[in-house]
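Pasting the structures in now, so scroll down.
Each of the next two complexes has chain A plus one more chain, namely chain B in the first and chain C in the second.
Entry: the complex of A and B
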């Protein structure tokens, strides 16, 4: 809980420092804030599993708004960690001033609310607190038409999906008589009693699901995300692909597994079909792209499909699989977007040809590229494999046909990930990569690489933390 | 016939129908219109349908949680509209148009 307060007050402080001294000072403060928030989160985690976390911190008193349990702490750790990686890697080359850093911090506060809500009001506030700064971040290259277009598309689609989500909340409220997750779950357990209107709840769940599928960009509501990812500046795209995705899935997971798990037969099959269609569509569309940034955007749609499988699994298994997968995806996506950003060298051209000759010019960077693309494709010994293994084994009993589709999707994905290797290692033309990489960037790249390899070679490092999420 | 008796004759289902219709008008508008400002208005209409439904349920069940929710929705919708209009102004400066049909730069 302390970490949320630190980040929120810190964001205001960062904006204040931006008035006087741009760049340097606010960047240092942001990194300091994130590291302190991260250490408080880790402290909270160990306090929680040894049951030392004070009760007032676990359940925030006023009207049961937030719950600071293991799910919330674990997802918040991943969120803050990936923001740290994003800022460490992208701040120097993308001149991120105090305004952008402040907006990112506010957005992360919203993300942390989305992991820890126990009331639909808090979920709504979290989504909006995450999204509103993001609309600005997406349009932060004011004179670039692509950035403008992605901002307006993201804004209209975001507001539209929020309205659908809220309509769902209203129906749930009407049907179950409450907006608290616990009470909703209680009234769903006694469907058919007086005061519980199943038709309203059913309509509410469908609308809620549509709204959440919009937020995580899953089929059939994925159409906005490739355009938005493509048009936004790289620093925003990587933020969306990591932080926003983690927060949206944490919220989706908590909402459906904590409040609506008693009526899984109503939404399980729909969600499974959506996951299958997302995996197939994302992967097939990604093959046809000529721009690598757009390929990554479609691949993130496909990854959203895999992550949806975590919501269908048994909650405890699903939680750990989702956590490992999100960590794997975030750490490898950060590296891939960093290399994409540096090879494009400030120009709005993200074709595969940018990678020509990378293998000859920069051995280390191409090694990083190999490991992180292997992780995204789910090759063994990388974190992506550990994540996919967890997700696949979670649904094998209940939805075997979905497993087949997911495996086919992974096979397709190898085609477009390996296309980069063809350019990087077997292409002779192209100047290749000439820019220097700063020391901070090397440290953060190493951190992301270690995460990918450590979780991949030794998944027990995460799963040994296992306790039943409260 | 005095107004009180009319309101007493209204069931909760009337409010549900009314706000569903309002919501669908907004939804239809979002899907068919091309002007960014009109789209924003349609989204506001959808949000107001939600507010109406929340207040109706809240009063019907004698529970205040729905009305609290409505306050948050109104405040956040205002913040969202402020950011959204700023984005639309930014677009207008660059393209002299607010027609979302002209946004064809990003595709594939």
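Entry: the complex of A and C
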């Protein structure tokens, strides 16, 4: 929990630096903060595994608000790691000042609350703390109309979904008499045991699910995401696609697998249908786009569909599969968005033609593009395959038909991922990419590439940590 | 060249290989998790495929010298492909097999996309998606089998084979596996990607595809499909045989009408593999042995034919039959090479195509005389289109301006092919001996699991 404090105080510090000192220093401080938070998290992880984590650290006792268990720590690690990648890659070319960095840090604090809540109030706080800076970030290109549009859209839709979510919390409270996950789980277990179906709780679950589905941009609540992803500046889009998505899924996973797992038969099928529809819709819609940024937005909807499968899987398998998948998606999305950002060169034009001639002009960037798109498409020996494999094997026993749909979705996704290759390598026209890439960026690109390949070639790196059940 | 080094390794393995010894040079390490291992081993069947891969890849490399695609990248892709193919043929673990299977797809996608001709992007994408759908179906089947092993504990070949399925499950699992293999082979209704990909890919890509990659599908059929779902074989075998033999006739008839030499060979290849698939599916010792022999010969012959076409095209800038002719008078040496390759592909006695085809026909005939007779027609049809191709391109009035002499790398490549054609035409037993004991084991495996079920 130290890392949460570090990041929260750090965010204030960064804002303060923004007032006084030249803004360049705030970047260094942010990176330093993230690295120290990351090292604390890793330390916590090992302490937790060997049961050395002091009890006050594990549970924020007074009202049973937070729990710092392996799920929380693992997802927080992935969140902080992806923010590090985002900042490392996007800060220099996007003039990220102290204000944006501070907002991102605040948002990440909210994300960490969403991984570690043990009380619905805390989850609500986390969502708000994550979302409010995000509304600002989405509109952070003040002169750009699309950016303003996306901010307003995101804000209205987000506020609406939060209200629905809150309504769900109220219903759950009405039905089970508690807003703590543990007691909810206990009373639901009792209900499930005697076979009584409480309509109040059922309605609550559906409303909670609607709120969460909105946050992860899954069918039928995905309509905001292509517009918002497309309109926001690249740095915000990539932040949404990685950090926000990880936090939302961590919360989704914890809420449904810790508190509501005893009544899985109430919500399992609904969620499975939503996952199937998300996969199909996201992939099919992505094919028809002309803007690559919009394609990525739809592909991120499709990925959300895959990740929903993790929530339906057996909890332990689902946890590891989700972790690997999120890590894979984040590390490859960061690379792809980076290349998209550099090839569009500040212009609001993200068509596939931007990639023309990339293969001739920059061999290394091409390699990165190939590996990360392969990872997104789930080709073996990249992290994406390891994640997909985990999800598929977790789902096959309970929902074989969902597996078939997921595989069909994978096959469809090839069509648009490989369209980039057509422009980048197979077409002879286009001036291509002629910009310098800074040393910091090379380091972070390399880090992301290594993550993709290492997890892909040898997922045991992560899954062998599976000493304790999540 | 790296490829030769691998070749030498295989030669070393071959020298020390004992056909009767079952699985050899096993190497087994936990990989993804305790359930998924990096497990390799070579037995008689893999050995044949390994020899094929590692003899042909250097030939393919040689063929690419002095061309527009003669770049380090091409050689890297080809050698990468060789690695993936070797991985497929030695894999003893279900998921590892799948991974190498997918990996083998990627280099060939880039080869065809980067140096292809015509509407290459659309063609390669269609090729990739078709085969990818098949592979994903296979993945689903493998994961399903895995989930049925005791405690979902192992992906190893033995464990997957030992899984007992109900008839209905076996049907679905078998369908998934079959889809992957049938697309790759390709069997008749699933061959849509093949002719255009063969035609538009550069010579090296076509050789890789036809010479070696198709054999992945046949190998998969033999090694992974039949022992996995013996419960459903009675349902599947007639389908495979029917699809295979229909493909034989259909493709041969199309080949007769083609003008583009590459397309002729593409359809002839479709026709040949149909017969091999049918022969293997019958699951008798003759059929499988003949199938293995023919897989090897077809690989050699297909690479030989595409090599010859490539040489012709390089000198005339065309490979259309109606604008070719009279090359026999211009280059005697090439005419001899090409003739022998054509004869090998037509399965004339004393060339490598003959013994395998004989065994296959015998086995299909044993399955059902009707299919046997239909399949027998292929010998005639094959002679028609092959000799037509040879006649139109080599005889008649010279239409090309000149035919520059063969270069050293072309000599070498053609000689290797020639030696293989003649050697295995005269001594097919050498090849059959390698695989015989393992084929017996495999049949036993299919039978045992099948009987334990019923």
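Note that in this section the second predicted complex is superposed on the first by the 460 of 470 C-alpha atoms of A that agree within 3 Å, B and C clash if a C-alpha of one lies under 4 Å from a C-alpha of the other, contacts with A are read in each partner's own complex, and residues count from 1 in each chain.
Quick note on the criterion: a contact is a pair of C-beta atoms (placed from the backbone, for glycine too) under 8 Å apart; a residue touches a chain by one contact, two chains touch by 3 or more.
Please read all numbers here as calculations on a predicted model, not as lab measurements.
**Q** With the two structures laid over each other on chain A, which partner does A:381 touch: chain B (first), chain C (second), both, or neither?
**A** Second partner only, chain C.
**Q** On the A-aligned overlay, A:398 touches which partner chain: chain B = first, chain C = second, or both, or neither?
**A** neither
**Q** Have a look at where A:458 lands relative to chain B and chain C in the superposition and call it first, second, both or neither.
**A** second
**Q** Quick one: classify A:174 as touching chain B (first), chain C (second), both or neither.
**A** A:174 contacts chain B only, not chain C.
**Q** Looking at the overlay, does A:231 come into contact with chain B only (first), chain C only (second), both, or neither?
**A** In the superposition, A:231 contacts chain B only.
**Q** So in the superposed three-chain picture, is A:361 touching just chain B, just chain C, both, or none of them (first/second/both/neither)?
**A** Touch partners of A:361: none, neither chain B nor chain C.
**Q** Thinking of the overlay built on chain A, is A:132 touched by chain B (first), by chain C (second), by both, or by neither?
**A** A:132 sits against chain B, while chain C stays out of touch.
**Q** Looking at the overlay, does A:421 come into contact with chain B only (first), chain C only (second), both, or neither?
**A** It touches chain C, and chain B stays clear.
**Q** Residues of chain A touched by chain B versus by chain C: which partner has the larger set?
**A** Looking at chain B versus chain C, the one contacting more residues of chain A is B.
**Q** For chain A, what residues appear in both contact lists, the one with chain B and the one with chain C?
**A** Touching chain B and chain C on chain A: no residues.
**Q** Quick one: in the complex, what on chain A touches chain B?
**A** Touching chain B: residues 120-121, 124-125, 128, 132, 135-136, 139, 142-143, 145-146, 148-153, 155-156, 159-160, 162-164, 166-167, 169-171, 173-174, 177-180, 200, 226-227, 230-231, 288-291, 294 of chain A.
**Q** Spell out the residues on chain B that touch chain A in their complex, using ranges where they run on.
**A** 12, 16, 19, 23, 26-27, 30, 36, 39-40, 43, 46-47, 49-50, 53-54, 57-58, 60-61, 63, 65-66, 68-69, 72-73, 76, 79-80, 83-84, 86-88, 90-91, 94-95, 100, 103, 105-108
**Q** What does chain A use to touch chain C in their complex?
**A** Touch list, chain A to chain C: 374, 379-381, 385-386, 389, 392-393, 396-397, 400, 403-404, 407-408, 410-411, 414-415, 418, 421-422, 425-426, 458-460, 463-464.
**Q** Contact residues on chain C for chain A in the complex?
**A** For chain C paired with chain A, touching residues are 30-33, 95, 98-99, 102-103, 106, 110, 113-114, 120-121, 125, 128-129, 132-133, 136-137, 139-140, 143-144, 146-147, 152.
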